[in-house]
Structure formats: structure tokens, C-alpha cells
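Each in C-alpha cells, the structures are laid out below.
Common to both upcoming complexes is subunit A, partnered first by subunit B, then by subunit C.
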Partner chain A sequence: MNGPARLAVGGLAVALAGALAAAILDLPSAAVDLRGAVAMNLSASGVEHPVTAVLLNFRGYDTLLEIAVLLLALLGMLAVAKPESGGSPPAAADPMLRTLAGVAVPLMILAAGYLLWAGAHRPGGAFQAGAVLAAAAVLLHLAGRLPAWASPKRMLRLGLAGGFLVFLAVSAILLSEGALLRYPLEHAGALILLIEAGLTLSLGLILAGLFLVLAWHPASPSESAGEESKS
Partner chain B sequence: MNLAFDALLALALLWSAWRSLATPDLTRAVVMFIVFGLLMALAWARLDAPDIALAEAAIGAGLTGALLLDALGAFGKRRAGDKP
Partner chain C sequence: MAEAFLDPLPWLIVLPLAWASLAFLWGDGRGGRLAIAALAVQLALALILAAQVMAEGARVHAVGGWGAPLGIDLLADGLSVLMLLLTQAVALPLAVYARAYFSEVAQTHFWPLTGFLLAALNALFLSADLFNLYVTLELLSLAAVGLVALGGKPAQAAAALRYLLVSLTASGAYLMGVALIYGAYGTVSLAGLAPLIGPDPPLITRLAAGLMLAGLLAKTALFPFHFWLPPAHGGAAAPVSALLSALVVKASFYMVLRLALGPFAPLAELAALLLGVLGATAILWGSWRALTTHHIKMLVAWSTVAQLGYLFLIFPLLQPGGEALQAGVMQAVAHGLAKAAMFAAAGVLMLSTGRDTLEGLAGVAGRVPVTLFAFGLAGVTLMGLPPSGGFLAKWLLIEAALAQGQWPWVAVIIAGGLLAAAYVFKVLRQAFLLAPAAAHFHPVPRVMEWTAFLLAAASVLIGLRATEGVELLGVEVAP
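Up next, the complex of A and B:
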């Protein structure tokens, strides 16, 4: 791109950024104050943290669809991945990295458990805990201790779908009682913890799967030849 | 003090975003993207949104960064395989 064209595009970009900033500053304050409504109904939600109350109770339907979308994304990836035999075993990693992963992963699992439990009364919850679990799995793979996934076996499939199934089962039972995801007051906390525990496990596996399915390279002859020439 | 920190944070965010987009070196772009994600998590924490800060640090910086680095590694391996 030559000088004047670049200048014109840059000018347009700056003008757009300015217009966006002006539009955000010009926004009227929200007509409905949802914070007040959440704070008023927090005691009926079964948890003490407003974000968890909104995600799992007041807007539980959104979270149900969210985990379904994530599961569908992974299913799509598994559908296009080629499950040929003879996949690459985990590459031998630096002994330093192996030791570090061995030390860090138990702590990460502990942190995920804490985040899951803390979600009831302070920032935390299933999504963050699942992300930490997924990071632990990715670290194990990079350290050469966990092979990449070609096609998941039955137990893994159950783990991937388990969180969604638990959520769906709770919703179905509650639907037969009256309304979708309207928890009975005395069991709300326990039901939310049950759903979040399932979500943590499944989210960890799904997010790790996004990495581990992509990391699985079938051992094609050209690639192994390239590796031999390097070594 | 707080204002100075916020101004520094905003400048660092803009700078890392610009470096990530403008650098011709892909490895540096990915590293700057991870730096941007961590700074963004700090910004969310400063905005009193610790939930979003946790999610940004774990998913935005951590997992996405790992995916990008892995993609970079796969590209490098393929290129090395092309010219033995």
C-alpha cells in the first residue's frame, strides 16, 4: 500500500475509533437496574455470590446452552479430525519441564477444586475451575506425559458429555416439578454445587480437548522423514 | 497513584495490542497477544470484575495463547518437512 492510501485508511480508522468512543460516552444509563433485583433476590438463590447466582440460577438457561455450544464445538472438531492409527506418541520433553509439570499439576487440580467451591460465595465457579483443569491437561501434554487424543474412548466421552447431561437431568426433573431450572429453595445450594461440579469436569475435558485433538498429528511419512533429517 | 497505574495500564494495553498486530515476527505476535491478555485481566480486576479477570487470565491469555503457540509449532514443523 502506498503513502496516501495508508494515510487515508489510518485517518478512517482513527475517525471510527473516535466515533465509537463518543457513542460509548453518550450511552444513556440502563433503564432497568438489574443489580438491585439481583441483590434483593440473592437470599433465594442458594448461593452468596451475585455472579454465580445469575449464571446458575436466575439465568441458568443461558449457561445450559453455553455448555451445549462448547460440547458441539468439540464434536465438530472430532468429526473432521482423522482418526487414523499410528498417531504420534508424546514427544520426550525436557526433564526440567517434566519435573515442573509433576509439581504444578497437583496444585492446579487443588486450585480448580478451590475455585469450584469458592464460586458459591466469592469470585470463582465452574468455568474458571474448568479452565484451570484444562490448563493442567495441556501442561501435561506439553511435558510429554499425556498423549494427544485421536478419538475419545467411552469413559472420555462420558466425561465430555457428563456435565451437560447432569445439567440437563436436573433441568428435566425440575421441569416435571413446575418450571425449567426453578430450584426449590432448600435444595438450591446443593443442586447448584452438583451442576457446577459436573460442569467443571466436562469443561476441563472439553477445553483440553480443543487443544489435544488439534495436537494429534497422524504420523505421515513426509513428517517423520522431516523429523529424521532434523535429528 | 491509582490514576498513574490506570494510565500506565491503558498505555501498556494499547502498546501490546499494537505490537501484537504490527510485528512481522509471528512468535513475537503470539507472545505480545499473551501479554495483552494478562494486562487485560489486570484491567478487569481494576474495574472490580474479578470473575471476568479470572476467565480472561485462564482462557484468554492461557489457553488461547497455548493454542496459538501450538499452531505456530505445527506450522514450523510443516515448513521444516517441506525442505529436507
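Up next, the complex of A and C:
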């Protein structure tokens, strides 16, 4: 970009920042109090933590679509990754890193399980647990213990889409209660835990995939064995 | 219980999400037959929903049973149902077309991406919540970017990346607006916001509306934000270009319209003239570029830039119960069908000649006459000749402009129609030239020709069934 264009963009950014600051300083008091509404309905949500109640119950539909967004992000990367083209194998991993990964990963899986369970009554839940699982997968890959991939086989695809499919199936079955995602009170907690468990696994795989697809080098022998034969 | 379970409204969102995920599970480019079957069901669901809305008025579906503002409401009124009908009516023939197209051209991810794209469109048209609209818009954009990148050629990857960057910046602007609105009013429900935003709203509301509008205009590729559209739509695979030009850019236009008629109505007048001027510029500039390009799909893509301009001419003319709204929706529907037909026909022409230039078209009239007829029919709609849907839209616009004494818009509409005629005839003329002796034509599946023809015929004939559309459009939420 040349000088005047930079100046124009910079000026625009400064003007926007100024307008935002002026608007925030002049913030009117909100007419609707959603925090109160969440607190009032928390006992009917099936969980005790307001964030989980909003994410999985009150606005669970947004979360359902957000999971689709994440799956789609990975799908977009798979669409541009070219499994046919050539490349070079990755460098061998450091022995220190291999040992560290061996110690840390079981603990990370344990932590992910705890975060999943904790989501019902304190900060935690599927997104956090999935992120920890994904980090574990990335660590394993860096330690040379987990191959990268760019065209997942069927079992892996089931793992990637499984959490979303469970969420979608529960949403659709609950239509018989009168509306999409309308949990019956007595089963709300169990259903939310079921959805979150599925999501933890799938989100872990999807987030790890976002890294592993980029890390994939087509010609490395250990990985091409895991590739699907393309007919 | 069974009645609630079989409600068409939520199934229009659940069904495409389900077949998209199943197509992903199957992998290897499978899922076409499932998609066609599911799209036939979706079309039936949209028709049932239209009948319900026509008979009983607008319908609200409270997801989770909470109701706004705590939960998320889905709303099916006349406007959303018309857009849903358009989406399924364009998608079903295109799916048939795409199955044949991708038997000629290899692909692995078209069906899951398309499923998510259609789910996002249906969800967007049914949404009545600012934040939920954002989520559907994200889903839509990511699916669209993935589809543009599908072929894996460097030019497609570059177009997809540019599209992604524009799209993310635009989403960011929209989301910032939503955050400001939530901060100011404490709710993101459209119905909840409408009574809260008064005739002279505070600075924060104006700023939020401006940010959201800028984001949505960039996504709709309205001039001067049109620069990403021709390479993205012109470079993608033919069925993808058709989906993007016919439906995806309409979604963000629909949001501008929905917000201008709904909660931001007190502010709509401020931006109306600007939107009209940008629309008029888009018509003239887009048509001119379409006329001067040498590549057939770039011509069709630039024509989209021009035709989107008509959609924004309605804003300076928008009056309650007036003809401008009908004109805008008619234009969206007619252009959706016509542009799907035109890109489908362009795909056939390119497969047949093996070239993407206008020069390569010489002699094609004798080889794929049905396709060329489809291209011409779609052109009739774009030019605005009677009895096409495009004619009706432009006629209503001219009528509204004359009734309000705003005659400069009339000149733009007529000039745009003449330019459209010029670029359509440029293609037809070339196609009727004698083929050079060295020309070699490839056979193309017949079903691709006929689906293109079906879409083109629908874009012309829709003008004859406009009364039902107008009646449906009149169904609003009871105040």
C-alpha cells in the first residue's frame, strides 16, 4: 500500500476509535436485563453455571451452528489441501520432547475430562475441554508420536462430525417436546452432559485438525500409509 | 406431539445440516443423490410453510421453548418464506446439474460444503435475532469461501483468500455493531429492539447501525465493495458460481432489508439516498465491465455486480405498503433464478468448447441449442423484457420512482436494461457464428442443459405468478 492510502486507512481507524470511545462513554443503561432473566431461569436449565446454561440451553441453537462453523472451517482447509501433490517428510523430534509428551498427555486428557464434568457447575465445558485435547494432540504431533493428516479416513471423519451429529440429533428429537432443543426438565442435565461429551471429543479433533492439516507433508512415508486410496 | 415434531420450519434448518454432515462422513465426493432427495423434501417443506403462513399469518418458533429475549426466536413471515422458496427452488435443479457436472470434473467436498451453505441460508432467512444472524452469516461465508477454493487452482485459492479476508472484516464490523446494540439495549432480539429504538436514537445506535450496514454491504458486494466478487464468482466451478450469485449475495441484502424495515427503521432514511446512488453506480459500472470483458463467466459475474445494484435502488423509494419493496423482492427472486440459469449455461458452454473466452463460443449454437436458449431466456429477465420477473421488478421500480417524482432512477434503470441487452446479445451473436474448421466440441450431459433451461424458464414465468408472491409478501407479524 502506498503512502496516501496508508494515511487514509489510518485516519479512518482513528476516527472509528474516537467514535467508539464517544459512544461507549455515552452508553445508555440497557432497557432489558438478561442477566436477571438467566439467573431466574437457571434452575430450569439443567445446569448450575450460567455460562453453560446460556451456551447449551438458552442459546443452545447458536452453539449448534457455531459447531457447524468450526467443522466447516476444517472442511474448507481440507478443500484447499492437496493430498496428491509431493512434499518432504518432517524433521525427527527431540527425545526430550518425546518424553515430555509422554508425561504430559495423560494428564491433559485427565484435565479435559475434569473440565467437561466441571462445566455443569463452574467455569469449564466442552469448548475448554476440547481445546485441551487439541493441545495434547498438537504436542503428540510435535513429539513425532501422532501423524498429521489431510484427508481423514472414515473413523476420523466420524470423530470429527460425531459431536455435531449427536447435538443435531438431540435438537431434532426434542422437537417432539414442542420446539427445537426444548429439554424436558428432568433430563436436561443428562442431555447437556451427553452433548458436551460428544462435543469435547469432536472439538478436540477439529481444533487439532486445524493444526495437523497445515502440518501435513504429502510425501512422508509414515503418513501416506494412513491416506485413503483415491480411486 | 407428532404435529410439533413434523413442523416444517425447524426441519428446513435441521435437514440440510444433517445431509451435509452425512455427506462429509461418506466422503470421496459422495452424497449427491442424498442431497437431491433431501432438497426435494426441503422444497416441499418450504411450500408447506408458505401455505401455513398464507393461511394463518406469520409464525414464530421459540427455540428451546424460552422465547426472546432469553432464548432465540425463529420467524417465518412473508419475506422470509419467499426467500426460502427461492433458495430451495434454485438449489434443487442446481444439485441435479452439479451431480452431472462433477461426473465430468473431479471434486471431494462439494456436497458437504453445499449442504452447510444451504442450511446457513435457511437459518438466516428464519432468524429473528441479531446475534443469531451473525452466526448464520459466518456459516454462510465459510461455506462459500470453501466452495470458491474447491478447484484448488492457484487463481481460485487467491480469489477465495481475498473473499475470506473481505468476508471476515465485514463480519467483524457487523459483530461490533451487534455488541454495541447489546450494550445499549440489553437484547439482540429484532422484535424486542424495534420498540426500544426511537426516532432520534443515541450516537451508539447510529454507530452500530453504520458498522452493521458497512459489513453487510461488503458481503453483498455493492459498489464500491464489489471488487472481490468477479474473481470469486467468475473463477469458481459453474454450480458453485450459480449458488453464490443466485443466493449467497442475496442473504446479506435480505439482512439489510430486514433491519431497515425492522428495528433500524428510524435510521433507514439517513442511508437511503446513499444506498440508491451506490446501487445506480453499480448498475452502470457492472454492466459496462460485463460488456467489455472477454471471458464468459467474468461477463456473468460482472452482470451480478450490476443486477445487485437494482436491489439497492429500492431504499430511496421504500414506503410502507409501497411498490418498492415488492420490486426489490421480485428482483431478488428473478435474478436468483436467471443468474443460476446463466452460470449453469455458461458451465455447459465452457465444458462443450473447452474454452472460457467469448471467441471460443463460435458455432456453439448448433451443438448445445437448449443451453443457448436458456442463456437467452435468462438474458430476457436481466434485460427486463416482458413477461419476465425482471420486467416486473423494473416496472414496479419505475412506477414507484415516477409516483414519487424521483425520475433520475428511471434513467438508470433504462440504461441498465439497454446495457444488459448489449452484453447478452454479444454472447448470442458470437454463439451463432460459424464454427472454425479446427473447432472441437465435447459432449455434455443432457441433464445439465435441461436444468439450466428449467431455471431460465422459471425466471421468465415467475412474472406471471407475481400476485401470489405479493400476497405472501404482505404477511407480516401482527403488531
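As a convention for this text, the second predicted complex is superposed on the first by the 192 of 231 C-alpha atoms of A that agree within 3 Å, B and C clash if a C-alpha of one lies under 4 Å from a C-alpha of the other, contacts with A are read in each partner's own complex, and residues count from 1 in each chain.
Keep in mind that, in the parts below, a residue touches a chain if its C-beta (ideal position, glycine included) is under 8 Å from a C-beta of that chain, and two chains touch if they have at least 3 such contacts.
Quick caveat, the model's predicted, so the values are computed rather than measured.
Participant: Between subunit B (first) and subunit C (second), which does A:94 come into contact with in this model arrangement: first, second, both, or neither?
Facilitator: After superposition on chain A, A:94 lies in contact with neither partner.
Participant: With the two structures laid over each other on chain A, which partner does A:51 touch: subunit B (first), subunit C (second), both, or neither?
Facilitator: first
Participant: For the three-chain arrangement built by superposition, which of subunit B and subunit C touches the greater number of subunit A residues?
Facilitator: Counting contacted residues of subunit A, the larger count belongs to C.
Participant: Mind working out whether A:138 is in touch with subunit B, subunit C, both or neither, as first, second, both or neither?
Facilitator: A:138 sits against subunit B, while subunit C stays out of touch.
Participant: Who does A:215 touch here: subunit B (first), subunit C (second), both, or neither?
Facilitator: Only subunit B is touched by A:215; subunit C is not.
Participant: Residue overlap on subunit A between the subunit B contact set and the subunit C contact set?
Facilitator: Subunit A residues touching both partners: 230.
Participant: Subunit A touches which residues of subunit B in the complex?
Facilitator: Its residues touching subunit A are 50-51, 53-55, 58-59, 62-63, 66-67, 70-71, 74, 77-78, 80-82, 84.
Participant: Flag every residue of subunit A that touches subunit C in the complex, lowest number first.
Facilitator: 19-20, 22-24, 26-28, 30-34, 37-38, 41, 57-62, 65-66, 68-69, 71-73, 75-76, 78-80, 82, 151-152, 154, 157-158, 160-161, 164-165, 168, 171-172, 175-183, 228, 230
Participant: Applying the document's contact rule, which stretches of subunit A touch subunit B when the two form their complex?
Facilitator: Against subunit B, the touching part of subunit A is residues 51, 115, 123-125, 127-128, 131-132, 134-135, 138, 142, 207, 210-211, 214-215, 217, 222-223, 225-227, 229-230.
Participant: Flag every residue of subunit C that touches subunit A in the complex, lowest number first.
Facilitator: 1-2, 4-5, 7, 10-11, 13-14, 17-18, 21, 24-25, 27-28, 61-66, 69-72, 74, 108-109, 112-113, 116, 119-120, 123, 131-132, 135-136, 138-139, 142-143, 145-147, 149-150, 152, 157, 160, 180, 183-187, 192, 196, 202-204, 207-208
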